[in-house]
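A single structure is presented below for examination.
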Amino acid sequence: MLIVMRKDATGAQVDGVLEVVSKLGFKGHAMPGAQRVAIGITGNKGPISADHFRYLDGVTDAIPVSKPFKLVSREVKQEDTVIQVGGVTIGGGTFAVMAGPCAVESREQLLEVARAVKEAGASILRGGAYKPRTSPYSFQGLRDKGLEYLAEARAETGLPVVTEVKDVETLPMVAAYADILQIGARNMQNFSLLEAVGQVPKPVLLKRGLSSTVEEWLMAAEYLASGGNYQIILCERGIRTFETVTRNTLDLGILPVLRELTHLPVIVDPSHATGRWAAVTPLARASVAVGADGLMVEVHPDPARALSDGPQSLKPSKFKTLMQGVRSVAGAVGMRLA
Amino acid sequence: MLIVMRKDATGAQVDGVLEVVSKLGFKGHAMPGAQRVAIGITGNKGPISADHFRYLDGVTDAIPVSKPFKLVSREVKQEDTVIQVGGVTIGGGTFAVMAGPCAVESREQLLEVARAVKEAGASILRGGAYKPRTSPYSFQGLRDKGLEYLAEARAETGLPVVTEVKDVETLPMVAAYADILQIGARNMQNFSLLEAVGQVPKPVLLKRGLSSTVEEWLMAAEYLASGGNYQIILCERGIRTFETVTRNTLDLGILPVLRELTHLPVIVDPSHATGRWAAVTPLARASVAVGADGLMVEVHPDPARALSDGPQSLKPSKFKTLMQGVRSVAGAVGMRLA
Amino acid sequence: MLIVMRKDATGAQVDGVLEVVSKLGFKGHAMPGAQRVAIGITGNKGPISADHFRYLDGVTDAIPVSKPFKLVSREVKQEDTVIQVGGVTIGGGTFAVMAGPCAVESREQLLEVARAVKEAGASILRGGAYKPRTSPYSFQGLRDKGLEYLAEARAETGLPVVTEVKDVETLPMVAAYADILQIGARNMQNFSLLEAVGQVPKPVLLKRGLSSTVEEWLMAAEYLASGGNYQIILCERGIRTFETVTRNTLDLGILPVLRELTHLPVIVDPSHATGRWAAVTPLARASVAVGADGLMVEVHPDPARALSDGPQSLKPSKFKTLMQGVRSVAGAVGMRLA
Amino acid sequence: MLIVMRKDATGAQVDGVLEVVSKLGFKGHAMPGAQRVAIGITGNKGPISADHFRYLDGVTDAIPVSKPFKLVSREVKQEDTVIQVGGVTIGGGTFAVMAGPCAVESREQLLEVARAVKEAGASILRGGAYKPRTSPYSFQGLRDKGLEYLAEARAETGLPVVTEVKDVETLPMVAAYADILQIGARNMQNFSLLEAVGQVPKPVLLKRGLSSTVEEWLMAAEYLASGGNYQIILCERGIRTFETVTRNTLDLGILPVLRELTHLPVIVDPSHATGRWAAVTPLARASVAVGADGLMVEVHPDPARALSDGPQSLKPSKFKTLMQGVRSVAGAVGMRLA
């Protein structure tokens, strides 16, 4: 059982609930979260009626849950979360394709790609302006300039924009431009960033960490939700294993498991997962077939000269073929394209 | 460059080739394999013409290769290997579904499953008679009796049979009954078994080891091929990673890579990969979509009472649903069912 | 070759160097780091003399390097980095033991542990005030209060203090109290935090990420160094593998490799590595024997009631035994205790 | 509870025990092992007295056990297993060093190494005669000739010999020469080989599989023990992880755990674990410090020309330094060298 207090609940109200829990013979754990207090109950052998708590002062909800993640769990919410962004639907039977360059490199490059992916049928434009890079000496993105180009591409094509936010400092700037805030794999357990993004009223795309378990990933999503942001899209992008012929190991096997555990939509990034462009299209088709809610794909007009992730980027012509395959498999499994 | 000697080549013929290699200014490495000698050449900076060697005494072929695996590589053979077994085609655009119980438990159980999978559209019957088990105290299979039941099920349904061979001792017995010899994940680097099976004129299904790299897997296939058996089907069945919500991590990302590296057909076993029956059907669809040549699926009439691998076994009715999904995606990607 | 520009180098000076590089027939890559520009040179087939660059305007150094990490590499600096903090030496043949509770839970708890570890021979006090936690509902640390208790414990015992900094926002506060700033495993690739800490004139303890390669770890250290902070202590704390009998897999095998690759001191955290208190003392002895420069160990007066990481915490009496073992092995391998 | 039947127990005796179990209200599981039947009991909520079963016909023992591995568990046998072989003691406070070449390459090579390791203080000679190799084209060992050279080296130096047995076919030949039979990492779950070796009255050195959990490893040892061979030495040799700067990741953290779980001696192979000769000596010292019962180390007179595993082999002079370090740390932790 999880008792969720209102954000403005007072210490006295929390104590009041704890007292009720105690009188019922159970143990209450006040859990001061980033945004609000929740109260977990242990010591009960069978189920407890939520009615004991639901109407107490300061309580907003009482939720019976068996998992460590609560608000994002299927137990707490049966129906799929469906996200609307700039006229595009993500989740609930609609398949959304996000495509664009790994990094925004120039106005021309971005506009060229944006037009191409729009024409091929993508519904959202991706592109990195602030780039977290393994080396301090690597290209770190066009930053603010990159955001401006993204806005221009959106204005021209009508495609909403997803772009990465790498720290709390640049969050306001990124949030001012982006339609969807992307949290990268290396930041999946940057809890301060999760808390800050949890307070922004924009959809979030949360990438799975390089070696995150499903439970840790859902706990990261719980940080966002407990902060008040329920518009979360999970993005599987491959995990780190001993195998090196692909950059990472795409873990499609967890998608049916995620369907059972969470109500959040899940998309797949086959570009980062494999690091090989020739593998991207087959895995895009597999992602539709396994039941994903969408894709994130890297497209570059000239992959050989890309400033980052060239080997895994598709040329626009190859992306067109990808979209044909996706459309065809989507039809076979009863999904409609966004 | 790999010079492959005939099986009956004499020591003098090998020496003759080495002498020619030496006169050309290169270094020859006589590699005494299980079945025949091959001669590798190093020290060359550019390509060497195969014509220098192809017509020497005792030589059967001269192959320019850059990978450590030779005979199974796409470099050596461009066209896909297609395997015919009991009227069923595996590879080359045909999708073959192998289904049946993890272990043959009784005559009745096997016949019931065999009829059900045949009716649903499977083309090959699977079932373990000799079972390698992690615990010495676990059910080790019905052994010879299991083989007899498999033969009976084949006679009745017309489905060819794939069953595991776990050691050299029981190989003659298993080979007398099986249409396809399965080598399990834990035996993938049992080189003595690979050498022995390399001499049997029957197709082999070679499962990927629990933590085998693609290269090691292809080297294991090379053992079979260098012994003379080229009828090899690779079977991806999940690798071991840190993630525990699934039994293993199904590595679909290597399938496009395998297409580049090898001419052998590749099938997928989603049952062992996930250990969860609810994930099997979505991953079966994904396997078709990614371009696999077939599936291996566990079906049991009463999974709750299965002597092994119950949690990952499908009931016959669920398997029917799986086949519908597979058929539908196969149509979308232009594959025909075997 | 890496040409390191002065922090105050002008764009014109950078262009001047690039021009020289170009005239020599090579390619120059201006790499705008967080703090200064460095210029990498490629296109050279053999070594280039540093004298071509060393005396150009704005250049501070020209370093021939073969690795992607430069400033932290053994190639760039032969002699071991030795760090002095509050009278304690880390590195260069001195073995430093950092001990204390996972989290500061109360004034009494901290002071009790601080006295106990001091008496047993520890030279630095550890304790978390700001705690990054997997769950938003878990105890997040005493924060500022925790820092005050640490300062009090330092004043009483004379032990310098190491404590975690979890984000840029709280960095000034933590830096005001801590003697050594700890960057946790989940923040190892929080590049914004690395950049910020790179500008603070305090030693940094950089934990290895859960699934970081040695190269990625050294690249994270390079972020700190390229920002101007060279006082870096690496801390091996176990990596994530398939094995679950220990919480993580302690990777002592990389210590001899790190000695070759970097001049930075390396310590070991056997508490987080195993998650089992009974394994901590044997692994502490092994860490001395393999050549580590120190240890970080969790000690709690009452592990069963610890608010975090109880199962891996040692009671003060067990820690005393640990110190005896460490002292004894240190003597055997010619190390002196700090 | 595990009831162990005598090898010659009849079916009627097994039925008699099952009947008694059933009358007590529990469920009996006859577990037909390779050598004898054991009967597991489930359905009991508390402990059952062994006296119910110990004196029934055909019963040899009744053991209360909570783990899936029984005969090798510390629960079943409190005192450490100590193995005597050719005058050398392994386990029980004595530290045994096994050293020699990866592969026996020639009579001269082997004798030279044998003399050198004996002089430096090794107590057992290692050397591979039958080599399982990843490639069918690699050197497969001198086979019978190699065994003869090992016997000659033993005769001259007095060192007992450990050598690998790779299959059931060559087991009689290897067993005729070897003092300790080594089962390699790739054969750890070759259950037919385990069953066969379980019947040979010689000590066995069982290497951990490349990605074996501790539980699977102990289950493999259980195969040997359930076959009647209790003289088992476990050998940790590194596991497969994402890290590639070392060949494998040496998992010293499990040694304290193994001490709790099993009574079998455990040694460490730092040569295969790291694949880098410079890391072998530091890790050998760490192995003593963590509490291992011995080491297995590769020594070669000319590593650069070794037919296998050159990069991880020590020259005899380096091995002498290793032994000095081992002796010194052994003294510090109260172990005596064999």
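We just call them A, B, C and D in the order they show up, numbering each chain from 1.
As a working rule, a residue touches a chain if its C-beta (ideal position, glycine included) is under 8 Å from a C-beta of that chain, and two chains touch if they have at least 3 such contacts.
This is a predicted model, so every value here is computed, not measured.
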item	value
Furthest chain, CA centroid comparison against subunit D	A
Pair sharing more residue contacts (C-beta pairs) when A-D is set against C-D	C-D
Inter-chain centre distance, subunit A versus subunit C - centres from mean C-alpha coordinates, in Å	31
Averaged-CA centre spacing for the pair subunit D and subunit C, given as whole angstrom	38
Distance from subunit D to subunit A - Cα centre to Cα centre, in angstrom	47
Residues within subunit D bordering two or more other chains	211, 240-242, 244
For the subunit D and subunit A complex, residues of the former touching the latter	211, 240-242, 244
Subunit B partner contacts - residues on subunit D that touch it in the complex	31-34, 38, 40, 68, 70, 132-138, 140, 166-169, 186-187, 189-193, 195, 210-211, 216, 219, 222-223, 226-227, 240
Parts of subunit C lying in touch with subunit D, wherever the complex brings them together	211, 213-215, 238-239, 241-246, 248-257, 260, 270, 273-274, 276, 278-279, 282-283, 285-291, 325, 328-329, 331-333
